[in-house]
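Notes for the one structure printed next.
Chain naming follows the written order as A, B and C, and within any one chain the residues start at number 1.
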Amino acid sequence: MATYVLVHGAWHTGELLADVAAPIRAAGHDVHTPTIAGNAPGDDRRAGLEAAISSIADYLNENGLTDVILVGHSYGGMVITGVADRAGDRVRRLVYWNAFVPNNGECLNDMVPAHYVELFDAISGQSPDNAVMLPPPIWREAFMNDADAALADSAFAKLNPHPYATFTDKIALSKNPAEMDVAKSYINFTEDTALPQSLGWHPRLSEKLGLFRLVQAPGGHEVCFTNPGLLAEKIMEAGRD
Amino acid sequence: MATYVLVHGAWHTGELLADVAAPIRAAGHDVHTPTIAGNAPGDDRRAGLEAAISSIADYLNENGLTDVILVGHSYGGMVITGVADRAGDRVRRLVYWNAFVPNNGECLNDMVPAHYVELFDAISGQSPDNAVMLPPPIWREAFMNDADAALADSAFAKLNPHPYATFTDKIALSKNPAEMDVAKSYINFTEDTALPQSLGWHPRLSEKLGLFRLVQAPGGHEVCFTNPGLLAEKIMEAGRD
Amino acid sequence: MATYVLVHGAWHTGELLADVAAPIRAAGHDVHTPTIAGNAPGDDRRAGLEAAISSIADYLNENGLTDVILVGHSYGGMVITGVADRAGDRVRRLVYWNAFVPNNGECLNDMVPAHYVELFDAISGQSPDNAVMLPPPIWREAFMNDADAALADSAFAKLNPHPYATFTDKIALSKNPAEMDVAKSYINFTEDTALPQSLGWHPRLSEKLGLFRLVQAPGGHEVCFTNPGLLAEKIMEAGRD
């Protein structure tokens, strides 16, 4: 039995990973799906990356979790990288699932094409609390390309405004991921176009990990909604020793 | 029920898409498979791109088709782009299936590696009516790589000489595809080597669409012959709202 | 009935391809799995590339094999290229399976990232007979990413120290593969990270073949261990006329 901690992406909460956690739990593992500070219903959307990372590091400490397989989705890659840097003794393996891989001093927006940064800047600029949302057509076409319209709509309704500072705050790391002394895996869903594939997740970001285990499967950025069972399987293939 | 118009590629006719149309029709949709001017048995092989585009635009008008999901294969991508530019009010979504995506002023040959242009120039130069054919070894290895020899041969026997001017005529568009106000999808079969994959369909040509929905599946350039059922499925995933 | 000769990769022997040969044999074909000079138990690890190539060319001659579908895995790509150059009249088709494709004057290390060359230099430098082994973490994460730990370990135990001169000897060819007058296929397993995918097998090395047939399937570098049945299928799709 292993301990999995699944860290969601931007606009999501831990709750939205329930269908992914269930089959991993059914396979005999302990599974946690905390919500990152800034994404829970009542949270202040002015939260930054430091608070986000601390909230998950604190979660591991408070629950006394060790030998953790720490899985991060998309923006969650920023968070698990920061957690590994400050609570590395609790982490057995990092698993990036179509996730950002930052080196010291990088922010999420540094890994995103310019037209997305402009769009996010404009949207958050209109927001009273520096929050950002995804325009529905981008969600439907580029994130939920493997869903039908009904699922794209129902999943969109579950998203929450995201604290934009977590995209613009530069991460502070004592070591870059490639130098971290922890096992690493990268799960790449091959139809994920949340980043344009010419500037995509894998191998562009995955190879920042140094030696890592690649796991791939068909699906878009939001397989937590479109194929949670397959995602659970791939997380276990990525997470096993 | 939606209306699908499937526009074939070079050397093909609409008739060769019958096995693709059937399962889409069986799912309740209206499906049309017109043959582009220049490709029907008696057509003059000196036809150019303008005539090709007009023939499909005329087809939509004459049949009073609206809200069309307009699907183009390979060279058919040139044609549907032109049709969307001049009859955009009839088109609900453009679906490119391993297809060329031209910007204003580009011709098909601008998107093809130099050694193919040289080969096509040489073959059409030998032809009395500026027609071009594919050499059988290229068809067998690079287009029908997922077929056995018998299917590669029987499908080759159904091809017709292609009007080469449609490869060299530059398209005239009032707007590039990325700026067109119509939904767009790109279907990429992942073993398609009709274009070398280092200079391939996706993401090189797909990303000229701006925001688009990616659909991928295993197969070569000619899944209309090697896996028409899977292709029909993917067309419906690409075409749905 | 066709004749298949399967040429293993570095650290392997022909014996390790038994589970791949069996289903090809069951489909009615004649299958040979010779061990390259330098890799058999008692062989001198100071063997070079010339001896390696000669050993397989001699095998074809001594067994009177003609119309051979000659399959090479990884390092085996160096060997089959050399065999085709000097015994091309015995070869019907070359099949590269995640294999190196050398032009005249290239060595295997010319196609490998610098950090692997440094690692191999260091390991072979420690060896009394210029042999090189793979460090277990690289084997487990980058070669056996699609295996569980038990299979990764049991397969590792079957490997043998590899004659490093075969990685540093430049191949002498009268013709580069693209110019060779023999049919060619490339099988690419899409999760193979033995080479980093940004500097990977396909299309970087496959396209050195000129016109070739692409066959792809899911799996890592060592599908001979993780999925021999699927590999056998793909070898037959790559090898048929």
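Going forward, a residue touches a chain if its C-beta (ideal position, glycine included) is under 8 Å from a C-beta of that chain, and two chains touch if they have at least 3 such contacts.
By chain, UniProt protein names: A, B, C = Alpha/beta fold hydrolase.
Given the structure is predicted, the values throughout are model-derived calculations rather than measurements.
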{"item": "Superposition of subunit A (Alpha/beta fold hydrolase) upon subunit B (Alpha/beta fold hydrolase): rotation angle, C-alpha, nearest 5 degrees", "value": "120"}
{"item": "Interface composition of copies subunit A (Alpha/beta fold hydrolase) and subunit C (Alpha/beta fold hydrolase): same or different, split at half", "value": "different"}
{"item": "Centroid spacing, where centroids are CA-atom means, of subunit A (Alpha/beta fold hydrolase) and subunit C (Alpha/beta fold hydrolase) in whole angstrom", "value": "37"}
{"item": "For subunit C (Alpha/beta fold hydrolase), residues that touch 2 or more chains besides their own", "value": "none"}
{"item": "Touching residues (chain side subunit A (Alpha/beta fold hydrolase), partner subunit C (Alpha/beta fold hydrolase)) in the complex", "value": "183, 202-204, 207, 211-216, 237, 240-241"}
{"item": "Interfacial residue positions of subunit A (Alpha/beta fold hydrolase) with respect to subunit B (Alpha/beta fold hydrolase) in the complex", "value": "137-138, 140-142, 145-146, 148-149, 190-191, 193, 196-198, 218, 220"}
